[in-house]
Structure formats: structure tokens, C-alpha cells
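Since the structure comes first, as C-alpha cells, the remarks are kept for the end.
For clarity, chains are labelled A, B, C, D, E and F in written order, and residue numbers in each chain start from 1.
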Amino acid sequence: MKEKNIETFIACDSDYEAAKAVIFGAPFDGTTSYRPGTRFGSKAIRSESYGIETYSPYQDKDLEDIAVFDGGELDFPFGNTQRVLQMIEEYTADVLSDGKLPVMIGGEHLVTLGAVRAAAKKYPDLNIIHFDAHADLRQEYLGEELSHACVLRRCHDILGDGRIFQFGIRSGDREEFRFAANHTYMNKFNLDTLDEICDKIKDKPVYFTIDLDVLDSSVFPGTGTPEAGGMCFSELIWGIIKVGKTNVVAADINELSPPYDPSGVSTAAACKTLRELLLAVVR
Amino acid sequence: MKEKNIETFIACDSDYEAAKAVIFGAPFDGTTSYRPGTRFGSKAIRSESYGIETYSPYQDKDLEDIAVFDGGELDFPFGNTQRVLQMIEEYTADVLSDGKLPVMIGGEHLVTLGAVRAAAKKYPDLNIIHFDAHADLRQEYLGEELSHACVLRRCHDILGDGRIFQFGIRSGDREEFRFAANHTYMNKFNLDTLDEICDKIKDKPVYFTIDLDVLDSSVFPGTGTPEAGGMCFSELIWGIIKVGKTNVVAADINELSPPYDPSGVSTAAACKTLRELLLAVVR
Amino acid sequence: MKEKNIETFIACDSDYEAAKAVIFGAPFDGTTSYRPGTRFGSKAIRSESYGIETYSPYQDKDLEDIAVFDGGELDFPFGNTQRVLQMIEEYTADVLSDGKLPVMIGGEHLVTLGAVRAAAKKYPDLNIIHFDAHADLRQEYLGEELSHACVLRRCHDILGDGRIFQFGIRSGDREEFRFAANHTYMNKFNLDTLDEICDKIKDKPVYFTIDLDVLDSSVFPGTGTPEAGGMCFSELIWGIIKVGKTNVVAADINELSPPYDPSGVSTAAACKTLRELLLAVVR
Amino acid sequence: MKEKNIETFIACDSDYEAAKAVIFGAPFDGTTSYRPGTRFGSKAIRSESYGIETYSPYQDKDLEDIAVFDGGELDFPFGNTQRVLQMIEEYTADVLSDGKLPVMIGGEHLVTLGAVRAAAKKYPDLNIIHFDAHADLRQEYLGEELSHACVLRRCHDILGDGRIFQFGIRSGDREEFRFAANHTYMNKFNLDTLDEICDKIKDKPVYFTIDLDVLDSSVFPGTGTPEAGGMCFSELIWGIIKVGKTNVVAADINELSPPYDPSGVSTAAACKTLRELLLAVVR
Amino acid sequence: MKEKNIETFIACDSDYEAAKAVIFGAPFDGTTSYRPGTRFGSKAIRSESYGIETYSPYQDKDLEDIAVFDGGELDFPFGNTQRVLQMIEEYTADVLSDGKLPVMIGGEHLVTLGAVRAAAKKYPDLNIIHFDAHADLRQEYLGEELSHACVLRRCHDILGDGRIFQFGIRSGDREEFRFAANHTYMNKFNLDTLDEICDKIKDKPVYFTIDLDVLDSSVFPGTGTPEAGGMCFSELIWGIIKVGKTNVVAADINELSPPYDPSGVSTAAACKTLRELLLAVVR
Amino acid sequence: MKEKNIETFIACDSDYEAAKAVIFGAPFDGTTSYRPGTRFGSKAIRSESYGIETYSPYQDKDLEDIAVFDGGELDFPFGNTQRVLQMIEEYTADVLSDGKLPVMIGGEHLVTLGAVRAAAKKYPDLNIIHFDAHADLRQEYLGEELSHACVLRRCHDILGDGRIFQFGIRSGDREEFRFAANHTYMNKFNLDTLDEICDKIKDKPVYFTIDLDVLDSSVFPGTGTPEAGGMCFSELIWGIIKVGKTNVVAADINELSPPYDPSGVSTAAACKTLRELLLAVVR
């Protein structure tokens, strides 16, 4: 008797019960304001992961040595943002209550809100480390409060001042930068102060969210709102390894948009980022 | 003193007051289930219209000879389908009450619902002639009743049986085809009976909606859900001219998705379709 | 306990034992002479199948009503053509000996040889119905006898004269057309005589192989060697339904090359072709 | 001693002296009004010709059996239209005076003017058979008389009334169609009257110019101004064979624009068109 | 009464009279030697500007706070380089004589010549600061003196020695580098000496021309002649801010070629460059 | 009498006898495991070389000043790896025995094995300097020992320990990195120790192989397995100039895959790399 076709991110073929970490796709781009397509991001990352190695020369670790379960794609309705966030929150809560580390693959950045809601319930002293080109701190965007341009602001609604640490930010309106000056920690353009921040939050529970457009648009063209002037890939990997030494309790990567990645380099970079993230945060 | 940059569909440079017809863009793709991107459709049609001629050898008429106002793009919020439909309804109602013919450029097919609401208020005996590859007759799609896959069903909610005439349909679930058998007139695959239907509805007010994916996917690849087995361009033009002889009180074309049109042929075909539509329905 | 991610062609989610038919991918393009990439064909068909419906208005049948198992992708070595063909033959033989209908998804056309070897062992009076733009009847190609340009010639080595029926052929060297005149039945350019051939071979076991480049290059650009002058999609569907009425014991579709399908229309057409093929041949 | 790399259109490897026909590239797109890129057309046709066969099943003839010399690309200055036309005229005149048939590969359609000038000098009773989507009969275009939109008008300046026969025309301004009604023979949209025209001009010397956009934009997307509503490939081939039976003394194909041909189907169609043209006109 | 559709670069919606600066498109690529398409550059920059923010975190300034008028696209004839340059000169002279700062958006680099002619008439002691990958100092290119490969040489004809300052140059023929050694100031590969040059020319009037291919080809692939080995985006922004502190009296950015920018990153980078340029030079 | 069309890499138009160096294409991608297409690499490099200059500002040298013969493309059979390697070995041996420097253009990296076999026969004390993202040290890949993933391991079979110097490596399985630790010299990620290695091997004969994916995937997207985290173009040029000062007796560049290079920047970078390589190693 033959088995049905199973497709997981490379080497993430653990059974659920044995797994230390759980990856799952959140294929949503319903509030994307400019160029849609991140709904295809998680599936592309899974599918193209067979072009990368399981071994990381950066960390001298191998995906074969850690137990990760791939839960596939959440099955979202279209055009109902509230319900999507609720489904993400429920899935994340399940994984957390089973004592496993959830690692979500977006989708647009708003999906982070669902996972943060679940993580903040379990860890009331949650901190967020946020890599991104965009501040995402708007109060509302074209009248909507649930927008990918507002996601960190919504997280701030939950966590309050001094718990959100933003790195690499190089785009936003003036108001967002003012808000950051008063309510979050923001390191513009790069990761220069990441070291000290990681030392500072030490063992507090951390939600680690990586908007892949923190990378320079040359390295990562395939995204909704590409921003020149970002970091190179090695800097990102260095940052992930650094954050991996804190107490990461949940994480995500997001904003890969395959329709804008004709050469495939963005998807390949996203696959390697996920490999490095898993190797850094799963113990 | 120099003028600001004005961009209209080619030759549609009438002032509003003098215009017989008003074109406007409805850049919405919020319920698109498969490949998004039609939000860029109306803008691309306007922008690329300078690659076509104003004269039609099919009708021996010229856009220069009719007065059309181009109202630009409606400015939608993201992720709020209800509000989008309301804005379309209001704009359409305005144009109708000014005694002009509204011709909307999508966007996804759901935008038709907003315009039909306005037209049905002014013309209670409204009929719809619908060219499409898809039946769009689902009661709901993944839990949502306001979806591009349900748009003609929602129109049926307003108009009731015997007022919707569908042509070219070659895709849908079994239930939609059953619904059509009982509640709409459906000519599958082609326009074979268009002649007799046009004769039949004679002078009744007609809303004419063209989902451009009624064209074969070879002629019109740049759309969310391309369907092989459709009609060729000449057949569509013939159909438009035919319908143009009925009492068309409002119309739209929709579902051009520029991100899936790398060669530009779909956009060029959409531009010519809009030219022929305007020449056929504006008197 | 959560399930691993399972990905099948739409609605082909039967268990193996319950299945009447088995689809499987043969991701091989090792002998492709011009533009490679068909190795990604079967995976793309599975992945993009969620853009089509399960119901066919052409046949008034639904994939939900037949039991098909999707065995995923065969796991081939690179650069070892002999071993690839052997693996295909073994898989096909397994499926046949379990009393199920194998339907292979290529990959390049050479994969057909593996499946025909298995089918000819079980059915010594096997016939082949072959839809293609290319004759594929070369004795050798650049010195190699195992080439996609030779696949029907290799099938002829097994079956002999009068058992191969070719339709739609519009490309080949002079020698191939001469060979066809003497050893196969060849209907150039179209399906004009398909009806009578199907009547003639009646209940004999048929292997049905569809090289998708039999379609016009406008309908199916995403293939290694696109050929203008082919048939439209409706003609292909008609042909499939016709052949479906013979005693088809195994089948395949092949030569989708996603890297040459930037708009996705070829993949979408391939998905619909596979749906129609399954609905036509699985009872 | 090894030979330098020689690249010719497939099988057109005759020496100049032995050749009956001479092909050469005219990589010019300097007056293209909409989307440039045809400057790369002739090179792409030569380069991609190895994807087609030398044998034509349409004519049962083979390029291997005729002697054609490939002169490569003319080496044009940029931005000097007059000089470009002069270079084409000189090259064509050379070939004609050597008793060989010139077949030019564009480039934009204006290049035809240079070759027609040479042919009209040798053959004062020259006729032109013109396949195109566009009338190309403008007196001037944005102030320029040497434009691809005016090329047949310039030819009319040389040849006068009744000597230009246009087929497939489906785009132009009203004035061009009026001019045609009085000064050329125009068969709009298709080739319906080609048979009788060929009979009529019988043995008079014919310049045969094929703007490949006469093909439907689905078959030939890769061109500057794609036009839906054109002919299919088989109809074009039929037309070429028909014209080939007249006294063709020079010919060209033009308007392939590779940058707008991401799938390569247009280039492949152009290669086959050139093969059929050579087989039809070279004796 | 509704307004016609107006499209400006984001936030550049000042009336002409109130404006301090005027942007306008110069959609010309008639002398482009390699890959054409910059004719679409200015329009794409305007159209895609809605994907960026009006606020710059680099300069802590906002486009909303300065008054810029967008004059749209100049309407050029095709194939008449002299006339194109004259139209640019006239438009630039108008703007200058109205006491406003002209900022031109190319098009190919030759357009700079038209604007420099106007600026040099008003400011006889004009200097040019030139960011580019290419020296553009050829005396003639394939026989033409009005070519994008000669544009700075033509400017030198006007201004003479010691008034042209070139940065980032990494491509040219040997003769151009020799010419530079004797007649211009050239800082190869980067901006290392920009600081001292800006100090040196202090308050002299400066024409600032940015050929966007000064950026590395990874950051800016969408251009006619992409050159690896260039600067990153942050370096360019730093340079613009630096030059902005001199007395810039006119400026341009040029050489965006949208057909070679499938992912859109080049257009996005061009939009941000124009924002930073305006914020740096408009007071 | 006119000449046939000859196409060479820019300025490499020496006759064979006069040439100091010989370039030739090895269009093979038969063992490519992920994305095929490098078979088109050498032809694209030749064809697009007319977009670069012959002069290098990095080295102040000009291709016009050195004598290079371009032998065109080797004419390989498909699907016969052994024969391909033999043809490469023979061609390389010919060139070497004529006292010229062979510079091969891939194709996939396995082609290096053929050339190394020839070079090692002539120079028994041969060393290899290897720039690459991938270690290529597998003993076998999916059962095959002749694979591009094994090519340096096969070279090690010939040369033994301490003769292979690898730079830029950032991908491989754990076993390959272990093998390197014991049997080759490996400088991961960059060229930091290139200086000392070049000093160390001084006048020993060197085979210099450049897998272009050593470049960051932003600079060189068009390759089979793009890897983020690589070097920038300037660093590569520096390395080439450095290695050029050793005793290079043969060289190659490989792994350009044009189908994954829609913007053309990878091909342009490959052309410049070949120019710099030739200027660095040909005396």
C-alpha cells in the first residue's frame, strides 16, 4: 500500500508528537496595500526548499538533527481578516500549549498579530524583536486598523511601551517615527545595537518576527513593497543567530511574494533564512 | 501657467458636463481567491491605451467622435468589501442621475455588484447580459457571500429569475450549473444564442458586464483564473456590437490582472475591448 | 495530533486501496534537446490544480465522484536515463498488477517509454494513441537512442507496425514522416480521423499518451519546443472524451515546462486536461 | 587550424556564390512609437532557429535542399534613419544584381522601405503583397514621414496606385482606411481574397512583406504593437504558400520584439514562418 | 462636476505658480545603443510612486512640506533627436525663467544635454556634478555625435575644462578615460572625493545629473546597460544629500528602463531616489 | 563575395594560429539537480558581450590588445555525460598542445572535470583555485559520481590532497565540509586568505575555475542554485586580478543560466567577468 504525497519544508518531517518546533503557513495577503501575492509565500518556501542544503556552515548545525513538524497551510476564508487572525491565534495557542515552538510562515505581516495574541496570553511578559524595513506603527491605514501597515501598533496595543524592539526600519510616515520615539525601541537602517538589546532582555520570553523586506531590495526583490537601502544577507543571518540566543518562544518570517520573484532568488533566500532561524531557535 | 498632468483613456477627454458616458476605475481585488492583481487592471488599461488607435475598423467609428469623461480611479480602503461596494454604488448612481452612461473598469468581478445595485434602483426592470468563463453563481465561497465567485448570485438576489443572461460559461461547480438551469439563462462555451436573446429583451434596460476571461486564455492570459477553451477576440467584438444594439444603461469590463501579463497582450486586448464597448454603447 | 502536510492533485485524495486510478509524477527532462524544465511539470500541475474546479461542464462529471490516488513524485537520480525508465516501468507495473489505471504526469516525453514497457508486458496486444506536435520517430538523436525525440520509435520497437496511431503531428524530419508512412498511422495537423480510428481499435487495450504541445503554442506556450499551428483546447478535450470511450489501460500527459510559462496559462490548461482525462478514462 | 564561430539561420549555410537566396538582418527600431525591441528580432530568429526542423510537413520540402546564404546583421548607426535605409537599399541592390533573391529579417517595418527602393529600381513594374495588422499608410506620424507607421505610404509614393495589396489589416486611423479605399487594395482582417489577387498579378514581380503582427496576438505576443483579432498560424502558412506561387523577387519578415516574448513562442513562430517563406519563394 | 483624472508623482501636487520646483518627464530613448525602454521610465516613476512614503527617515523631511509641480510628460516626435533636445531646452528655460528649479526625469541620458543648454544660458559659470557608471565622453558613437554615450562630451563642448565632476564611473573605452584625465574631474568607481569637490565648488551654480546605473546592477537591474560593481543605495543617498548642500539650479535622474525590471525593484529605487533628490535640492 | 555571419565574444576575433588564448563554450547541463538552463550560458555570454566595453578601468587593459580566438560551441550529444567530458578533454588538450591558454565557458560546473583532466595530463603538478558558493565535494549525488555537485571531488581523485584551494564556499552538506577540512584548503564565505595562497603556490601551474554563483545572488540571480550571502562584484574582480598573477595554464567560468535572468544583469556580469579574466590571465 502506497502513501499519499507528503510535502514538507526540507527535513522538517518529524511527527507532531516528537517535534520540538512546528512550522505552518499563513497564506494571507488581504490587507496588502500595494502589490499582493504573499499568499503564495509559504507554499513557495516549502516547495523550493529542496534547492537548499539541510546543513548550515554559519552555525555548523543540520536540520536533520532537530525535530520539526510541518503542519502545512492554514485554510483561510477570503476577505475576512478577523477570522484569519482568529485561526492563526488558535493554531499558535495549540502548539504552545503542547510545549512546542511555533514558527509561522507568512503571508503578509498582519499574520503576526494572530500569533502574538496567542503568545502574549501564555507569556504576559512577552517582548517582540522585529526586523523590518517598515515601522508598521500606523494607527490606521486608509481607515482600517487591521492592516499590515499597522501590525506592530496593534501589538503595542497588547504589550504596551518598552516591549517592542525594532531593527532595520527605513520607511514609514513621520507620525510612525514619532510614535516609535516615544513608545518602542527603534534602531533605524541596521542592527547596530542588537547586541546590547539582546543582553538587556536576556531571559524574558521573546516573539521574533522577521519581515524579509528588511533585506536590501537587491537581495530580496520578491516582496510587496521592496525597499532599497537594507541589509545584506550575512547581516541578517548574524542577527538571527544573535536573537536565537535569547529565549525565543515563537517566531515568524513573512512578506515573500513569489509573483515578484521571477529569478527565484528571493524564495531561495527565504528558504535559507528559515533554515537558519530554525537552527538558531530550536533546541 | 502650466497644467497638471492629466491621464485619461485615449480620447476620453471630454469635460464631465458635456460627456455622454463616464468611465471610471474600480481597483479592487480583495476577494480574489486564486491569483490577485486585478487592482492594477484599470490603471494599466488607461496607461496602455496610447498603444491603440481611436478608430475602429470593426464599427467604422472613432472615439474622437463621442464625448466620454474619464473619472480616474475610485480611492478604496483595503480589506473592507462592504465599503468598496458602497462607493461604487454611489459613484454609479451619481452618473446615472446625471443622465450619463457609466462604464466601470475593474478590478475583480465583485465590483459589478455595486454598479448593478445602483442601476437596479434606477431601472427596476433591469436585465443583465453577462459574458464570462465562470458562472459566478455560488451561494457563498469559503464562507463569504461577497466574493467574486458569487457576484451573479448576488445580482440574482436583487433581480430574481429570468433576468440574467449568461454567455461563454465553461467553469463552475456542479451546483452553479444546476442553479443556472433553474434561475438564469445560460449559454455555455460561446455566444451561439446571443442574437435571439438580444431580440427578446429588446428595449428593456440592460446592464452589460464583461469578465474578460470569457476570452480564451491564449488571447487573455493576464487574469486571475485563466480558462482555456474560450472565445477568440473577433467573436467577442461581434458580441459587443450585438449587445450594443440593445438598450444598455450601464456596463463594465473586469478581471485584467497585469502582473500575469508579461507580454502585454492582455492589456492591449482589454484596451481594444473598451474602445469597442464605448463605440457600441455610447450614442 | 496533527497530520503532516499532504498535497495531491485536486480531489485526488483517495487511499491507494480504494482507488480506481493512480496518478504519479515523472519529473525527468534529461534528454530534452532544446529548452529544459519539464522536470518541474508534474509538481506545478499538482500545486496549481487548486485554481480549477473539480466539475467538468464538458462531461458533466466531477472528480469528487471518482476515486483517484496521487502517489506524488518518483524520486529520480540525475543523468541516468536507463534507471529512470526502469523506475517508471516498475511503478507502472505495480499499479497495473493491483488492477488500477496508471496515469503518469511528465516530465519530458521519453518517460512514456517506461510506462509503455510495463503496459505492453501486461497487455501484449497493446495499441498506442498518440497526440503530439512532433512525430518522435527518430532512430537516434545526436547519437542517443533514448531521447524524447525517439520515444515513439522505441515504442514501435516493442509493438511493431500498425499499433501506433498518431494525431496532430506537424513537426519532424523528413525521415520520420517517411517512417510513419510505412509503420504507423499518422493523421497530420489535427484529429480529423480520430473517430474512425477509435471505432476500429474498439476494445483493444490502449495506451493514451498526450504530449501537451499538440496544442497550439498560443494555448500552451510553456513547453520545451512550442509549435504554432496546433489545435485549440476544445478540440483536445473533444479528442480526450472520444479516446476515453476506448479501452484505455494506461495514460500520460507530458511536456509542461513551467519556466517557460510566465503567465501560468499553460499550467492551468494542463490541469484542466488532466481533469478531463481522468474523468474520461476512470470508470 | 580551427574555424571561427559561424552562426547562420538553420541550414542556411551556403556560400554566397552558390546561393539562390540571401537572408540578412536589419536590426533597426528607431522609429518605433510604442514598445521598442525589434532591433533584437533578427538575431533572435537566427539564434533560436535550432529549435525547429529544416523539413516542412506543410510543403514537403526541406531547407537542406535549397541554397541560402546568411549574411548576418547589417551594422547600423543609431538614430540616423536615412543612413539605415540607404544601407538596406545598397545591400538589397547588391544581392539583386547578383541574381539572387533577398530576404530581409527586421527590425521594425520601416526597413521594408529600403529594400523596396532597391527592388523598384530593378523591377519598375513591382507590386507589393503586404500582410499586416496595421495599414501603415499615414502621411506622417508625430511629424515624421520616415516612420514604421508610414512605410506603405512611402512605398506608395514610389509605386503609385493599384500596386499595393494589403491583407489582414485591422488597425489604423480613419484617414488610412480612406486612403486605402482610393489608392491600394485592402482586404481587412483576413486573406479571403488572396487567391484571386495572386491570380490577377500573375507573373508581375512581387515584393512580399510580412509584418508578423498580422498573426493574432495570442500566437505572436512578442511584437511592438500586438493586435488581437488576427489570423492563426495555419492561415498565415497557407497565405505564404499561395504568394510563393507568384513571381516573388524580394521579401521580408519583420516586427519580432524578443523583449516582449518571455515564453519564446513568438520567436519560434517567426523561425517557422521564415522557413516556410524560404521554402515557398526560393526555387 | 467631477474633475478629470490627474496623475502626479506622489505629493507633487502643487499648482505651477506656487511651486518652488517643477518635475517633468522626458520619455526619449532614440539613441540607446543596447537595450531600449527608458522611454517608459518617467511614466513608471510617476505611476509607482504611490508605493513609497512621502517622508524620508534619511533627511527627516517630507514631500508634503515642499511645493512641487508635476508637468507630466513632454510629447516628443519619434526619430528626431534634434527636435527632442530643443523641446527639453525650451521647457527647462521656461521653468528657470519663472524662478523655479527644474528636475527632469528621463528617458536616456542624452536628454540631459537639452536641460544643460538651458541652464548654461542662464548660468554661464555652470558646473556639472555627474553620477554614472559610464563616462559618456565619446566624441561620436557609431558616427553620431548626439548619442547617450556622448552626452557629457557634448556638455564639455559647452562648458569647457574643469567644470564637469564625474563620480562612480566604471565603464568606457580607453579614449574616454584619457579624455577625462585631461578635461574633466573623474572619481572612478565611487564617491570617495565628493566631499572635497562639493566644498570646492561651493556656491557656484550646479547642474546635478544622476544616471541611475551608477547603482550596482543588483540594486538597479532595470536599465539599458547594467553594470556590476557599482554603489549601494545608501551611498547614493548620502551623495545626493551632500550635493544638495551645494547650489543646485537644475537636476535630473535618468536611465530607468521598466521593461528590464520584472520585479519592480528598480522603479521603486528610482522613486525613492527622486524623493531624496527633491528633499535635498528644493528649499 | 560576402562572408558568412561570424559571431565571437567581443574583440575575440583573432585567428586560431595567432591567438594566445582560446575561448570555447561547453553548453552542458545534464547533471544539474535543481534548475536547468546553463546549456544556454556560453551562447548568451557571446551574444550579449556587445553590451560591454573592451576596455577595463580595473586593469587599464583592453581586449583589443590581446589575441584571443573564439572557437564557438562544442557540439554535445544529450544525455551522455561521459562523452561530453571526453569531448571537452580532447578540445582542451588540443589547445594546450598548441601552446595556447584554454578558457572554457560553461555550462554547469561538471564541465570543469573534462578540462582539468587535460590540464593535469600536461601539468602533473597542477593546482586548482576554485571560486564557488558550493563545495562540490560529494562522493556521489543521488547515486551518480559524475555530477556538478561532485566535480571538485572528482578533481581531487586526480590531484590528491593539498592541491585544491577553495574560496567563497557557503553551501554543502556536513560531509563535504568535513572532507574539505582534511583534504582541500577551504576559505569559507570570502577571499580573505587568497593573497597568501597565491603567494604560496607561486609559479606552480594553476587551473582557475570560477563558478559564478560565488557572487551574491543579488548580483548574479541567473544561475541554477542561487545562494545569498556571497561576494560583491568588486571583490570577485579583485580576486581574478590576484589569481591572474599566478601561473594560470587553463581557466573556466560556469553556471550562468539565462532562463533565470529576466533582467539580464547576470549575463552582463558574466561578460565582464570573462573580460577581466582574459585580461588577467592572457599575456
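Assume a contact is a pair of C-beta atoms (placed from the backbone, for glycine too) under 8 Å apart; a residue touches a chain by one contact, two chains touch by 3 or more.
All figures in this text were calculated on a predicted structure; none of them were measured in a lab.
Simply put, chain A must spin 120° to overlay its Cα atoms on chain E, rounded in steps of 5. Note on A-C: its contact pairs, compared by residue number with those of B-D, A-E or B-E, agree for more than half at B-E.
Over half of the residue numbers at the chain D-chain F interface are used by both copies of the sequence. Here the spacing of chain C and chain D, counted between their Cα centres, is 38 Å. If each chain is reduced to the centroid of its CA atoms, chain A and chain D end up 55 Å from each other.
Touching two or more other chains at once are residues 35, 216, 218-219, 260, 262-263 of chain D. Which chains touch which is summed up as A-B, A-C, A-E, A-F, B-C, B-D, B-E, C-D, C-F, D-E, D-F, E-F. For chain C in complex with chain D, the touching residues are 34-35, 169-174, 177, 188-189, 216-219, 221-222, 225-229, 260-263.
Here chain B touches chain A in the complex through residues 29-33, 35-37, 39, 76-81, 83, 141-144, 146-147, 259-260, going by the rule given at the top.
The part of chain A that touches chain F in the complex is made up of residues 50-55, 57-58, 62, 216, 218-219, 232-234, 237, 262-265, 268-269, 272. Per the touch definition, chain A reaches chain C in the complex via residues 1-8, 13, 15-17, 22, 43, 46-47, 69-73, 262.
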